[in-house]
Structure formats: C-alpha cells, structure tokens
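Each chain carries a letter (A, B and C) given by its place in the written order, and its residues are counted from 1.
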Amino acid sequence: MSVTSEKNIVLHAADVIKNFGGLRALSDIDLQIEEGKTHAIIGPNGAGKSTLLNVIIGRIAPTSGAVVFDGTVLTGKAPHEINQLGISRVFQTPEIFADLSVLHNVMAPAFARRDGAFRLNMFRATAREAAIRDEAESLLNDFGMWDRRDDHSGALSRGDKRRLELCMCLIQHPRLLLLDEPTAGMSRHDTNTTIELLKKIKLRGMTKVIIEHDMHVVFSLADKISVLAQGRIIASGLPQDIKEDPRVQEAYLGGAAE
Amino acid sequence: MFHLSRKDQVKLAIFALVVVTMPIWLAPLGAAYPGLMQKFAIYAIFAIGFNILFGLTGYLSFGHAAFLGVGSYTAVWSFKLLSMDILPALLFAVLVAGLFALVIGFFSLRRTGIYFSILTLAFAQMCYSLAYSVLTPITNGETGLLLARDDPRVIDAALGAGTVGGAGLPSPALLGNSVTGYFGFYICAALLILTFYISQKIFASPFGLALRGIKSNQTRMIYTGFNIRPYMLAAFVISGMFAGLAGGLLAVTDPIAGAERMRWTESGNIVLMTILGGVGTLIGPVIGAWVIKYFENIFSAINKNMLNATFDFLPDGMQNIAVTVLSKFVGEGWHLTLGLLFVLIVVFLPGGLVEGYLKLVARLRRGRGTKPEAGGK
Amino acid sequence: MNTILAQLLNGLDKGAAYALIALGLTLVFGTLGVVNFAHGALFMLGCFCAVAFRYLLTIETVSVDPTQLSPWGQPVQVRTPLVQDWLGDFGALMVDYSVPFSILLTVPVMLVIGIAMERGLIRHFYKRTHAEQILVTFGLAIVLGELVKSVFGPNPWPQPIPSDLRGAADIGIWLGMEPRSLTYPMWRVIYLLFSLAVIGGVFAFLRFTTFGMVVRAGMADREAVGLLGINIDRRFTVVFGLAAVVAGVAGAMYTPLLAPNYHIGMDFLVLSFVVVVVGGMGSLPGAVLAGFLLGILQSFASMTQIKTFLPGIDQVIVYLVAVVVLLVRPRGLLGRRGVMEG
C-alpha cells in the first residue's frame, strides 16, 4: 500500500479524459479516494457521473489518463479481474440472480472471492462451504432477510433486491464498494432504510464511492464529496465546505431544487 | 447443499431402482425388449448431458448430435483397430467427443444467444457434410462404418484372445462376455445411473451454482469476479462427453456408425427430449428421452388394423372416421403427434412434464402449504 | 472467363432462393423480434401450393373414344383435364404453365397461413426468450412438415417447367459474346428475374408506403414506434403474412428446379439462417447480399479445380463462412451492433 501524505489513497483516477466521438464526456478528472471513507460523487444529470464510474470499473477505457487501484492500473482489465482486486459494484437497477434463491444469491459471490479463477470442484465439497453458508446466513440476518433465504429472489421487492445486492457485494469483503445511485427510483421509506443500511456498512470500515443526486442521501452518508459538472470536478471537499461553496451552489444546488 | 443431501441420495436410490427394474415395469407397456431398453438408457444419458449445458447455463446448442456421431465413429474404430472390448471403445468415444467439444465450444462460446445456437449448428453441419463426403475413408460415407472380419484389432491379436461371435462378425464384449440382450441393457443402465449421479453432483456443486448464475445474470457474474468462459467451456465439454458416451453405447449395442446420427434434426430431437421432460431439472430429460423413444417405437408400430380393433365398439361410420383421423397420428405419423405435443408443451408448460407433474401435485395438496422443489420426482 | 461467368450464374439462382427466404426471416426478426425456425416450413408450404395447384388442374375426366382404336383393337381412353374441358385452350395453357399460375393460389394461401400462424402462436412468444421462440417454431416446423407428409406422402413431387420455357437461354448473346458461348437454363434465368422482382417489390413496399415506413421505423427502434401510439400489433400480423408470402412464392417457383418433399423446408432453413447471420441480423439488404454471395460462393466451391485443391470445401463453404463471420464480425456484413445479442 502506498502512503500519500499520511492518508491512504485506495483509488486514484489520474488525469482521466474520455471522449465520445467529438464529445468530451470527462476532462482532466483527478480523483483520490481515501481508505475507509465514503466518497460521494454528485452532479446534475449529464455531468458524466456514470461515465466516470464506468471508467473506474473498467467498463469504459479512458481516452487518456489512468485509474490506479492500490498500485494496480485498472485500464484494460476485464471486469472480473477488477472485482478480483477487491472492487465490488452495486448497480442502478439491482443486478441479482433472479432465478436463484436468496441464499444462493449471497453464496455465489463468496465462491468467486479472490479466487474466482476457475475451479472445477464439483466432486469435492469445498472446505469453505460450511463457513460460506454461515457467513451468508449471518449477513442475511444482519440485513433482515434471513427468513426469506429460501425465497426466489426474482420475486423480491425493489428495496429487498437492493439489500440482497448489497449482501452479495459485502460477502466478498471488497476493499472498495461502488454504489451507482443506490436509491434511484425508491420510495422515501425505502430510501431511508437504504441509508440506514449503508450507515451500518460504514461501521465496517469499508471504502465506498457513491454516485448520487439525492442530496439527502449524500449528506447523510458522505465523508467527502466531489462535484462533477460538464465532465469536470469543480469542487472537492468535506460536506459542509461543499454546501457553502458558491460554485457548487451555482452549478448544482441553486439550479436544481432537490 | 454441496454434498449430496439425504434427499438427493434417496432420489438416486429410487432412480437406480426404477432403471434396474425397467424390464419389469415396461413389460405391461409392451416395451420390455432389451434393444429398446438400451435405447431408453442411451438417450437418457444423452439428454442428461445436454441438460447440463442447456438446463444449467441456458446456452441452446443445436449441434449436439455431432458429438453423438463422433462417439459412435470412435467406438467402431476402436473395435476395428484395438479390441472388441467395450471399455477402450467407450473410453475413446468419451475422450474424442470431449476433444471435439473442446474445439467447437472454444469458438462457439465466443458468442451468446442465437449466435451461439447458429455457430453450434454450423459446426455440426460441417461435421455431418464432411462425414458424408471427404471423410469417407474414415466414415465410410452413406453405407456407414462397419466391422469386418479382417480388422486388425491389435490388442485382441496381441492377447491372442479369440473374439466372441463365432464364425460371423465379431461382437462387442466386456472382458470376454458378449454384450448382447439383457447384459447390454444392464451395462447401459449402470452407466445411466452413473451419469445421473454425476449430474446430481454437478447440480449441487459450486460449479453448478456458477453455471446457474451464468444463466440467470451474466452481468452480475462478471462483476462478481467470475471469469465465465472456462465455466462455460467446462459445461460444454462435459455435456459433449456425455453425448460421446451415448454415441459410443449406440455403437456398442449395434456396431455400426452412420453420418445420419449427426444431422441437425437429430440435435433438434435431443432438445425436444430435454424440453419435453423439463429443462433444468434432474429427472426431466430422462423422462423426456423415455417418452419420445417410447413413442418412436411403440406409437409408430400402431397400424390401422389395431385401431380398427380398438374402435370396434363404435358404429361403422364413426369407427371409420375415428380410425382415419387417428391413423394420421400413429404409425408413420407419430412425428406429427410428437411435434404437436412439443408445441403444446412449449406454449403451456415451459417447464416440461416435470413442471406439469409438480403443478398437479401442488393443486392436489393445496392448503397443506408444501412448496415443491424443482428437480423432484 | 466463361467458366467463371457460368459459375456466377449457377450461384445466382440458388442465391436468389436463399435471399428470398432470408428476406422474410429478417423481416420477422427485425420487426417482431422473433427467431422463426418455421420459416423453412413456409417455403415448403409454398412448394406444395404449386404441387396442389397442378394436382387440382390435372383432375381428369376419362372418356372412351369409340372412333379411335388402340393397336390392340380396343377403344382408346382419352384423359382430359377438367380445366381443359371448361376453358379450352386456355385451360391447356394453364396446365402447362401450372407453376407460374400457382402463384395465384400461393399468395392468398400463404397470406392466410402466415396470419393464422402469427395470430395463433407466434404472437404469444414476442416476450419470451429466443430459445423458447426457436423451440416453439421448431416444433411448428415439425408439425407442418408432418402434415404435408400425411397428405402428400414422403416422396418428392417433381414439377414440370412450362414447355416454352424449357431449354437454355443464350446469355452470351445478351452480353455481346459469340452465340452459344454461354448458355443457361431458361427457367433459372426466370427464377432469378422473378426473385429480383420480388425483392424489389418488398423494398419498394417498405420504402414508399406509409406502412413500410412504420415497419422500418419499428426495425430501428421498436419502443419509439410503440410510443407513437401506432397499432403495432396489426402491422406485425401483416409483416408476418408478407414474410410468409415471400417464402411461399420463393418455394412455388423453385419447384421445377428441385422436386419438393416434406423436409425441403428443414434443408433450406439451416442455410437461410446462416445467410441471415452472415448478412447481419435485422438487415434486409444484408440478407439479400449474403444470400447471393453465399449462393455464388457455393457454386465456385463446387468447381473441380477448387475441389481438388481443397477437398470437401463445396460441402462446408457456407458454414465455414458463417463461422468466420460470426467470430470476426458478429453483427454480419451489414448488421447493426447488438441486434439479437444475448
């Protein structure tokens, strides 16, 4: 782990530029995520939040610049390799295994953890199996879904699917958790439950990046906020600094009444 | 979950019992001939293998008949070149089919969905066309690959073992015992039970869970850290090897191999069997294979005279109508019945006969709150 | 030079049949999003429309003509097709030209069959997976094949070429070459021209009618068209009917070239799927282009010079091309990215 000025930088997006055709989606992004912190990226629609997330996760290759995770350059790596490094992702619409039971949903990612490299261990029950099952059950218990562990996960409500997806990410013990608008399309009640959930996760000391435009969510959770507008980071800092920053208010808070 | 649960062990025991007692319970159904029962077992093996690919991963291969054909050719060549013993024949059938599956799967699995189906179809059609044309020295073209008295059979010759079969063509044997009749059936039955056991193991393993994950949500699989290519390829090869075993057994029970086994409609047949029984369930493909083979052999043997006899009780005119209409569906026309049945199944019972059975059970038990688990018998 | 031209022509008529079948398949893919494995069966039904038409035309009356005696001294039986009785010379002409005339029967019959198929079965599968669509249409193809088999029997039904159109066309003269330097069977030329006309007709229909514009818009972006409040359902039915008619007439006119039996549909289906994939799923010009291209390639591959060089290539060329195209350029020659993927 490299130590940069006494803080531990887990993820560093350095001078990232992304062009789509002639359109510049991201320009000169320089983003540092500190270990153990919840870092929110906010910005109006079309500011390039999703593009940035996709560049971080390796789904889109940047036109120039690089994303470095704990000393490893992510550019050019396959999504599964990036996950292997310890980055898990929560999608805007929950991506779960709709055909499998809730418990199996949580167990499957555990088998991929750190050694998702292919293993054809079909004749030997893995030594870790019992442990994985226990861990999955206890996670489900923590998230209040234990009694639904045998249900078909496709039949869950949207809020429950989000919870399930979080469990699926957490059982991998990721070093970095990426959340893409985790409360998008949720009712106020579900949003609040999700915030509570994320606070709970925060206690586990995991580094998180949240893409969000709901200010309520952002200010409830974030340790640090970066504001993205027209493909640039116009401000970065502590929540209260961001709140008071006139440029941010102009670009974002003032314009859009959230 | 990942070792065979007690429930799975019970299922395996029941399955074994059902297979072994086939000669008894098939007798009243008029199908207790060793030759037919061998086919039941062989095609059940084929369907179980196909189900490991299609049922678990959702990748629909339309070229599996190629592996069956390759298995048959390999087994016959083993009889010709090495020995009349079935052990090397089956071993090579499985290995060579697995090799073919490795190559074809390596390319086909670069695409998904309909593109994957068409790639497998194209590869299988290539095998079929080549078997009929350029590869005639290996496949003996339209005649089919046959045994000959003067085949080298180096192992048999080296051991100085006489071949079973007397003056005529030699016949396949297991350690010196001629594989015919009931002995042949019990060999197929034993292998079917073994195949079923392997399939149970795969279903209950982390590997099987990964395959189901691939079917359910590939995006999530990838972002969960699974490299899905090797998983898919392994499933494809295993399923190709099962097909090769089935092809080898076809050659064991009747030592001839022809290219028509590789036609794409044969691949369609195996899809049909799997869907009919219940794709993705353990027992479904077996039931599908049995039903279709039963139809093919028993239904197709019904003729007008038998129908006339059956409807003797009706007045003459109605008897004629009933016989005329029904005769279109039996005998030569059994394929029509099969096609209709298949369409109805896909439309109304996508889960196949197993799902139908479970629905029926659920309806009968409604109120007692027992939730049936897919894959049950 | 002439050999090459001859091979080119040889490929064109087969390519024309591929192109026509692939055109209908693509139309159905592109608009309805359905993978139709029963499309080959529609081609086969078209073939049997021609067979049935000729069969009906040649129902005969048998009369005994006492004025004529056979060499054995018995009165000669005279067989006269009923149409000839009723319509005189025109009837006789119809019998001779039964194949082209059968289009009159094929078009309405195929339209009805197509509409019935879409309404009765296909429509319930728009939202189901491609695998399920393949399965149900595959089952339907079996049923249709078997129905035809139970009516017409398992043997092929050769259809005659109209007597005036037998023989060869001297294409060399048309191209300004020496007479008889390049000849080609007349009916194949007609089939080629006919299919070009049908293809042109379909394209014109899609380009110049409002209906066609909606269909093309639907191929580009189905949801958008649905949002415009256009009744897509009815148009889907018509599109399917149109595809059935195209496949049907392609089949009817092909009968003199290849005597149809009940599984001709399955034989053509695989090839036309390959054509569609090579052309690019959902691309109509792609389907036509790939149809002709593969027909021509197949014809060149069966030249002896090439066969001695690469034995067996004539058998597998089409599949080989399909495999290479799918692996190198999965969207086909003219297809858009992402169509039918996954």
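Here is the rule we go by: a residue touches a chain if its C-beta (ideal position, glycine included) is under 8 Å from a C-beta of that chain, and two chains touch if they have at least 3 such contacts.
Chain by chain, the UniProt names read as follows: A = Branched-chain amino acid transport system ATP-binding protein; C = Branched-chain amino acid transport system / permease component.
Source: prediction; values computed, not measured.
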* Asked: Of all chains present, which has the mean Cα position farthest from that of chain B?
  -> A
* Central chain, going by Cα centroids? -> B
* Asked: Using CA atom averages as chain centres, what separation in Å is found between chain B and chain C?
  -> 34
* To do: Find the geometric centre of each of chain A and chain B from their Cα atoms only, then give the gap between the two centres in Å, rounded to an integer.
  => 45
* Structure fact -> Cα centre of chain A to Cα centre of chain C, whole Å, reads 54
* To do: Name the residues of chain B that each touch 2 or more other chains.
  => none
* Could you list which residues of chain A touch at least two other chains? => none
* Asked: For the complex, which residues does chain A have touching chain B?
  -> 57, 78-81, 83-84, 88-89, 91, 95-100, 104, 107-109, 111-114, 116-123, 125-126, 129, 133, 168, 172
* In the complex, chain B residues that touch chain C -> 54, 58, 60, 62, 107, 110-115, 117-119, 121-123, 125-126, 129-130, 132-135, 218, 264-265, 268, 271-272, 275, 328, 332-333, 335-336, 338-340, 342-343, 346-347, 350
* **In the complex with chain B, residue positions of chain C that touch it** => 35, 121, 124, 128, 130-132, 134-136, 138-143, 145-147, 149-150, 154, 266, 270, 273-274, 277, 281, 311-312, 315-316, 319-320, 322-323, 326-327, 330, 340-342
* Flag every residue of chain B that touches chain A in the complex, lowest number first. => 1-3, 201-202, 205-210, 212-213, 215-217, 219-220, 222-228, 230-231, 234
